[in-house]
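For clarity, chains are labelled A, B and C in written order, and residue numbers in each chain start from 1.
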Amino acid sequence: MMQSQQALVRPRYQRTLGEVIRGKRFSQLMTRTIVYLILFAGAFVLMVPFAWMVSTSLKRPGAVFLFPPQWIPKPIVWSNYPQAWSYLPFNLFLKNTLIITATTVVGATVSSAIVGYSFARLRWIGRDVMFMVVLATMMLPYHVTMIPVFAIWKRLGFVDTLVPLIVPAFFGGGAFNVFLMRQFFMTIPLELDDAAKIDGCGVLGIFWRIIIPLSKPVVGTVAIFQFLYRWNDFMGPLIYLNTTKKYTLALGLQLFRGQYSTKWELLMAASVICMLPVLVIYFLAQRYFVQGIVFTGIKG
Amino acid sequence: MSNKISRRQFVQGATVLGIGVVLAACTPKATPTPEAKPQTGAGAQTQPQAPTTAPAAAPAGQKVQLRHMIWDQVQQPAVADQAKMFMEQNPDIAIEIQVVPWSQYWDKLWTALAGGGAPDTFWLNMSNFAALSYKGTLLNIQDYLDKDPNLQKEWDMNFDSLKAAYKFEGKAMSWPRDYDTIAIAVNLKLLEEAGLAFPDETDSFKVWDWAMCRSYAEKLTKVEGGRTIQFGLAATNTAQEGWFNWVYSNGGSVLNADKTKCTLNEPPAIEALKDYIAYRRDGLSPGEEAIASQEVNDMFYTGRVAMSIVGDWNLKDFNERITDFEYDLVPIPYAPTGKSMCMIHGLGDTIDKNTKNPDAAFKWVSFLGSKDGSTILGKTGTVIPSRRDTAELWFDPSFKPKHRRIYLEWTDKSVFWPNTAVPATSEWTKPINDELALAFEQGKDIQQAMDDAAKKVDEILAGKGA
Amino acid sequence: MATTTAVKRVSVGARYRSMGRMARRENLWGWILSSPWWLGFLIFTLLPMLASIYFSLTKWDILTPPQWVGLQNYKYMFSKSGDPIVLHSFKITTIYALVSVPLRLVLGFSIALLMNQNIRGIFIFRTIYYLPAVLAGVAVAMLWRWVFNSEFGLINLLIWTLFKVKGPAWLVDPDWALWALIIMSMWDVGSPMLIYLAGLQGIPTDLYEAAMVDGANAWRRFWAVTIPMISPVLFFNLVMGIIDALQTFTQAFILTEGGPNNATMFAILYMYLNAFRWFKMGFASAIAWILFIYILILTLIVFRSSALWVHYEGEVKGR
């Protein structure tokens, strides 16, 4: 074997061109290059709409309808941004969105952790059946319960408040999060529990002293996904909020769709503004996003 | 990198968030945070205004807060003026004006009336008035009027047809606010460029008929490089500022006299629709595609459309926005029947039956309908007031454009949309709009489209809907 | 081990009585700690589902009390003279789901394969590709409304620049509107890509080595090792993706509101319009149930078909 290898791999200056092209190193290099090219092209295509959006957001109103279009606006109208912001009461929208997001993130993580713990660590009658129900609920389309839940809130007088958008998060935070928590907790070694029991910890003590401190990854994941979901939630606010002042960012943004849909430059500026917070969080907490997606996609 | 959060961190974090939650939850439910953007009169609106505004109200102890919902941003300053005057006279009441764009107005209103969070007072149009009063969601104004004969007199100052439209079972349920008719705005500069003369106004513009309108539209349409850079006439798929006027001018109608059958598939209506839709089909009018980019009024302001069918409420905005050309008005063109008719309509200020402050709300609404309140509308040229004594104000000759009085003249040549309470108008107009969309954009044969629509409409009118 | 001992069927009560004190306490804690979930389930899921069945048998406009109409809503949905849009909306939703989901998965998988080639800068690529997935919702929908604008939008401008042809009217053209939405969903290749990338990286390399020893080339290795090992992941994401796509609402609402001419009238959008715009709550509830059953059936079909092509490592197939 060694001899044939030696025959193939001659010193560089001795190889013919043909041999180089047929060589293993070359084909690897070619493959790599092609892969890079394709990936670059793909990334470029994906980012173009963003560029388009930002470009439009900085144009003056007349320039939006220029044909052929300008990619780089002349002049660059930075004032579109403050104008878009004050055009609608965005600060109110932001406030409402923050309230909803902060409370539901807390509610979902805390309640799904508690519930997940009960499924993962405790033995109780009906636990496994109940867990099947949890799994089933994960696949339940939300629209089946939409109307009656609305009717319930209307009866209680909470339509046009933020309450219907916040309270459900405290009831387990969603089957999906319960599932995630349980799966994660089950990977924590039981010996740690036993050690805590010996030290005299009860059920809550184990939860508090052992499970929680080790759960940063899953807590992070649940929190991030809950944040994303609530921040962008459109249908919930659409159904429950009637007064403009109580709107969230997502709902408020679509007000642009009404009388003034032709002010594309403002609409794009407003959209950029609404995207920014998520972008920032994404770049800071990317690890959790990836982790979460991978965890749910693979272990599911 | 340790995965452990120290317990202390967790407790700290949770406490902070927890406190935040408690604080947020304790924020009282419905306190409006006034974003004070005071509107003063008819300033040039080169900057878009925030749709939700609260005219600065002194913060207060016992003030009653009323929310008034409207859909027209252009009229907002006038309403704000009315609110200002009212609040001066009634310092214990604060009015907050909420502007919701037309495309979402009815959704929001109905949902709010049904679900909760409805405004105290709001604009109603006739088609929704019928259904909503039938469902018992409006406050009965008649009771208040009966108690005070002076107020009853005020209410009676409105034009008869408007009064009739806003009564339900003989009781007044809304206070008429304005009335409007339809005409066509013409860009005089583009007319000149095309070498066309302004139509002769003798005999109420008798020469301005379908043929003339069509030929003008053709000469005013310019196509360059495969794109239409100038449309002759904006004849879009809309009823009030569109096909309705053509149909009725030609002797056609939407429903028959007792509102049991749709008559849009009958010859006079079909003939009219054919003439109207031809503008779109022959490229003389912007269609859905063009409107998706830019609204029709915007197109008029930028000279992309030479003639546009407009109701009188648009003129205030026209006067403010149009700076580089002159425009004027011509009526709806005369049909071969020799008649020119348009739609008449009027809004009413209405009170939610479940409002927490019915007395204050009624005070506000009666002020809006009083001579003082109505005068503001007329004087600022916003809309034609609904009262016989203040309507004239809108026709002040110092207001542009020159032929404003067409709107007044056509009041006698106008007709209401046939509204129904049960089923609600919005239910049976859907098939009509769907079929018209097919005819406008997909080239469906008009007779066929209207036959299909009529069939569905008849069914709905007979009560066979879901 | 002999399986001669029959499993004794023990009643719940008997089980409880046979538990020791500690076990009973644990039992209690279990129920208490899981209470947020099952309480929520009762209040927000089970009861509403039952109520929804009731509503579907009534005519209800929220402003006035519900009127019992029996099966009329269902009849109206399926009969010739009734409302053809309901079934039409199911068709539109299905087309969308069955086209966009597999396309996205294939695309995501392909990109994951590419990225798995041990190249540098994977971190940056991953960030960029996943970015569109993170930014969801209304802002993105608005962006795409502008991108698909037939006169001044990005797509038609590109078409004009490259091919000198006028692009289709997209969102106002009934033949193209649904395709616009499908293309828009392609933008989010990042989510499937991430999952597959992780899945690919989880395939044990000794499988590949064994294949190479057996003389398999790259192509053969792909079909014999990669595909079977990744098939559970493929499957799971296909199912979840389809269920998710069948519930599309926001994009359709913002971009086209079901138009033009109902070309993008998704099922849930139509249900929403019936419930909250036309106040036909009874009819909308009926639509909700039929849609639910439909989703169940579709899911079951995909599940059954999985036996044909999904390979589970070390699991007994079938149960």
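In this section, contacts are C-beta pairs under 8 Å (C-beta built on N, C-alpha and C of every residue); 3 or more make two chains touch, one makes a residue touch a chain.
These figures come from a predicted structure and were not determined experimentally.
Of all chains, the one whose mean C-alpha position sits at the greatest distance from that of chain A is B.
Counted by C-beta pairs in contact, the busier of A-C and B-C is A-C.
Each chain gets one centre point, the mean of its Cα atoms, and the points for chain B and chain C are 40 Å apart. Remark: chain A and chain C have CA centroids separated by 16 Å (rounded to whole angstrom).
For chain B, the set of residues touching two or more other chains reads 111, 114-115, 227, 293. Among all residues of chain C, those that touch two or more other chains are 62, 151-152, 276. For chain A, the set of residues that touch two or more other chains comprises 65, 67, 150, 154, 257. Residues 107, 110-111, 113-115, 135-137, 226-227, 288-290, 292-293, 426-427, 434, 437-438, 441-442, 459, 464, 466 of chain B are the ones touching chain C in the complex.
If you check the complex, the residues on chain B that touch chain A are 3-7, 10, 14, 17-18, 20-21, 24-25, 27, 29-30, 32-33, 35, 47-52, 67, 71, 73, 98, 100-104, 108, 111-112, 114-118, 227, 293-295, 298, 302. Only residues 59, 61-64, 72-73, 76, 81-83, 149-152, 166, 169, 171-174, 259-262, 276-280, 283 of chain C touch chain B when the two sit together in their complex.
Across the complex, chain A meets chain C through its residues 31-32, 35-36, 38-39, 42-43, 46-50, 52-53, 56, 64-65, 67-69, 111, 114-115, 117-119, 122-127, 130, 133-134, 137, 139-152, 154, 168, 170-172, 175, 178, 203-204, 228, 231-235, 238-239, 249-251, 253-254, 256-257, 264, 267-268, 270-272, 274-275, 278-279, 282-283, 286, 289-290, 293-294, 297-298, 300.
Interface residues of chain C facing chain A in the complex, by the touch rule stated above, are 12, 15-16, 23, 25-34, 36-41, 43-45, 47-49, 51-52, 55, 62, 111, 114-115, 117, 119, 125-132, 134-140, 142-144, 146-147, 151-152, 154, 157, 161, 187, 189, 191, 194-195, 198-199, 202, 233, 236-237, 240, 243, 246-247, 249-250, 253-254, 268, 271-272, 275-276, 281, 284-285, 288-289, 291-292, 295, 299.
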